[in-house]
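Following are the structures in question.
Two complexes are shown next, each including subunit A; its partner changes from subunit B in the first to subunit C in the second.
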Partner chain A sequence: MSFPVILFLIVAATTTFSALGVVLSRSVVRSAVWLLGALIGIAVCYFLLGAEFLGAAQLIVYVGGTLVLMVFGVMITNQGPFAGIHTKPVEWILGGSVASLLFAFLVTFSLRAAQPSPVSNVDTLPSAGPIGAAFLGVPDERGTAFLLPFEIVSIHLLVVLVAAAYLARAKRRPAAKVESHG
Partner chain B sequence: MADVGLAPFQILAAFLFACGVACFITKRNAIGLLMGVELVLNAANLNLVAAARFVPGLRIEGQVFAIIVIVLAAAEAAVALAIFLNFYNNHATVDVDAANDLKG
Partner chain C sequence: MTELLSEYLPSWLVVIVLALLAAALVISFMGASALLYIWAERKVSARMQDRLGPTRTGPFGLLQSLADGIKLLTKEDTTPAVADSFLFRIAPYLAFCAAFCGFLALPFGNGLVSQDLSIAVFFVLAVLSSEVFGVMLAGYASGSKWSLFGGIREAAQVVSYEVPRSLSVVVPICVSGTLSLTLMGQQQTGWFWNWAVFHDPFSFVAFFLFFITATASCKRAPFDLAEAESELVAGFHTEYSGLRWSFFFLAEYGSMFAVSSLAVLLFLGGWHTGFLPFEPTERLGYWWGNLLNSGVIIGKSTLLILVMMWLRWSLPRLRIDQVMMTCLKYFLPIGCALVIGVGLWQLYLASAIGEETRYVLAGASVLFALGVGLSLFRPVPGEWKRA
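On to the complex of A and B.
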């Protein structure tokens, strides 16, 4: 076994273990910590694949942003320090069987699907420069440019964040409202 | 990475996807559901980046789509958390089984 294979096996084992931890842990806080491990493992996978910019973006956006947001959500909505809402055994059985069936299905079909030929043997991917040029509408040698998706995603992000700020704004409680009317 | 190949990454992504779906089914806490969504989106992203690395025609496209998915996942997490906070303000719980106000 060569060094990249061993490295991939270690990273894949860590990521699968963390993903199992997300599903199986009872407390939401522990799930969040396992999710941190899974997201870092996926970022390391991106680095292994040669997509350094994407790995850095994954670390910054997910680990630095989304996960912190989620931990804040847990902090605000949890009643007790480890108040887990318990899952019924029948839900465990249902979830486990559906997930394992889905996993078997996906593995069968991804192994049976035509593997790419020729396989690209360059160990690096285009970095931030070519990606940024593609986003800004500068066509590469094959004429692909992504200016319209870039604009749509930016407007979408702006609108969604305004809506989130509107939804989560501090409201007066109904009791306080009655008081002010009275 | 050329001697690892595309298939191991696809299997890893399939496992993460299955874990995310299991999260949807077994978690009753709304924030646990959100973690399942993150796992599913990351599985899709891993597939895209692995395709960008191993399929010669997708070297830019795979990464561009992965970045778009990351942005949309961040937007989704923000608005979902805002909805859950609103729900918590009204119901004092984040148990998804309590969200039955519209039940006929």
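On to the complex of A and C.
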């Protein structure tokens, strides 16, 4: 076994262990901490593949943004001391079967799509510069540009922002009745 | 280094040895600098409050932090009975790990960096922003209302201040056209008017915006609402004692250094003195040049940290609504305007008046600094003199 494969196995084992922790943990915030481990593990996988930009984006979006907001939400909405989850047996069966179906599908699909021997090709993945240029419509060496998807995602994000501002706006009470004194 | 080792060791062992070496260097640097900065913090605060500060331990009280460290090591490590003990124990390490990972991509010289990422700026910002997670967990898991309030405040403040901080970082990125900190440092070679802060008026403002928002995201006073001791006992670390408590402060001083050296690399010329019109590693050789480089970068960052201390002991703590208003109503629009402004500048004005702007901004800043320096020596009016 080559050194990159061993490194990948260590990272993958840690990620899987954390992912199991997310599912099996009884407390919401403990699940969030296990999720932190899983997300960081995936980011490290990206770094191992040489996709530095993707790894850092994973860290800033999921760890710095989503996870912090999740814990923040639990902190301010929680009624009791520590929030717990109680899973019924039916939910275990349902969730477990959906997860194993998805897992089987992903394994067969990725084994068919990918070559059986993955070679770690660190230098061929583009850095942030070519990705940004491709987003602005400058075709890369394979002739692909992503101006339209980029614009669609931008407008989507803008709509989400406007909707969030609308939902969070200060609710004006209907104007109080002016009572006539006299 | 890699070539030297690969003569004796197999390639996978070289990777492991170099990784361990870099990690050990970064950890010992973080520990040693935190000891010195804590001593400096106490001396600076004493000076500003007309006291002496630590004097008994060693010359000028230099060993005070070491004595504190021994005290913290021997203290009992307590966990409250109502706390979520797993999260309570893991929180300080999470905060410390985030600060530690920030150092992995910070260059201390030309090529003197643990891992030379092509997106180093983005990586450092991403990792440093996850330090808040440890603080929030500490606040949540302590099972104490003061800690919970501290954690909530910290989360709200840091998440908001991240936005203008990132916007102000975009300005030097627009100017340099790269996300690599090593390349950014190399672009600022030479005299001090080549520094990015003097490149155009927008970068000049962006430096101050970055510095203020970075101070806020390190939860330093006047933004230290997470541990406001007059309201929240000690905020998120109320329930901590001993070594776990000190890990929060290692993380705080570590991230102070990380954001300061990020400011130095982005705006203040990186490892260049500003008075040597050449790259030191090219004239003096790799090791001697980088010795000078790392000295310069640590010196500049220390100056910025001293400014942070100066602010901490001069300004009163803001209220939480003032903190949020400053961020959302002022810093955020200023940041957006700076990004648009620097884009227009690069498109239309940089070729026309770029050079003149550099000289004017650099000259005015030097004159201002000289003026402040000279004003220290002005004759003291008679009634101010001590009798």
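In this section, the second predicted complex is superposed on the first by the 144 of 182 C-alpha atoms of A that agree within 3 Å, B and C clash if a C-alpha of one lies under 4 Å from a C-alpha of the other, contacts with A are read in each partner's own complex, and residues count from 1 in each chain.
Keep this in mind: a residue touches a chain if its C-beta (ideal position, glycine included) is under 8 Å from a C-beta of that chain, and two chains touch if they have at least 3 such contacts.
Just so you know, these numbers come straight off a predicted model, no measurement behind them.
Novice: For the combined arrangement obtained by superposing on subunit A, do subunit B and subunit C clash, or do they fit?
Specialist: fit
Novice: Thinking of the overlay built on chain A, is A:Ile42 touched by subunit B (first), by subunit C (second), by both, or by neither?
Specialist: Touch status of A:Ile42: first partner only.
Novice: Looking at the overlay, does A:Asp140 come into contact with subunit B only (first), subunit C only (second), both, or neither?
Specialist: first
Novice: Using the touch definition from the top, say if A:Thr15 reaches subunit B (first), subunit C (second), both or neither.
Specialist: first
Novice: Figure out whether A:Gly129 sits in contact with subunit B (first) or subunit C (second), or with both, or with neither.
Specialist: Second partner only, subunit C.
Novice: Between subunit B and subunit C, whom does A:Phe103 touch in the aligned arrangement: first, second, both, or neither?
Specialist: A:Phe103 sits against subunit B, while subunit C stays out of touch.
Novice: Subunit B or subunit C: which reaches more residues on subunit A?
Specialist: If we count touched residues of subunit A for both partners, the winner is B.
Novice: If you've got the overlay open, could you tell me the nearest Cα approach between subunit B and subunit C in whole angstrom?
Specialist: When the complexes share the chain A frame, the smallest subunit B-subunit C C-alpha distance is 13 Å.
Novice: Taking the two structures together, which residues of subunit A meet both subunit B and subunit C?
Specialist: 53, 57, 65, 69, 72, 74, 76
Novice: Quick one: in the complex, what on subunit A touches subunit C?
Specialist: Within the complex, subunit A contacts subunit C at residues 3, 27, 29-30, 33, 36, 52-53, 55-57, 59-60, 63-65, 67-69, 71-72, 74-76, 81-82, 127-129.
Novice: For a test of understanding, state which residues of subunit C touch subunit A in their complex under the given definition.
Specialist: So the residues of subunit C touching subunit A come out as 11-12, 15, 82, 84, 86-87, 90, 94, 117-119, 122-123, 125-127, 129-130, 132-133, 136-137, 139-141, 143, 148, 151-152, 155-156, 159, 162, 178-179.
Novice: Going by the contact rule at the top, pick out the subunit A residues touching subunit B in the complex.
Specialist: Touching subunit B: residues 2, 4-5, 8, 12, 15-16, 19-20, 22-23, 28, 31-32, 35, 38-39, 42, 45-46, 48-51, 53-54, 57-58, 61-62, 65-66, 69-70, 72-74, 76-77, 79, 84-87, 91-92, 94-96, 98-100, 102-103, 106-107, 110-111, 115-116, 118-121, 123, 125-126, 130-131, 134-135, 140, 142, 144, 146, 149, 153, 156-157, 160-161, 163-165, 167-168, 171 of subunit A.
Novice: What does subunit B use to touch subunit A in their complex?
Specialist: Within the complex, subunit B touches subunit A at residues 1-12, 14-19, 21-32, 34-36, 38-39, 42, 45-46, 49-57, 59-61, 63-64, 66-68, 70-79, 81-86, 88-89, 93-95.
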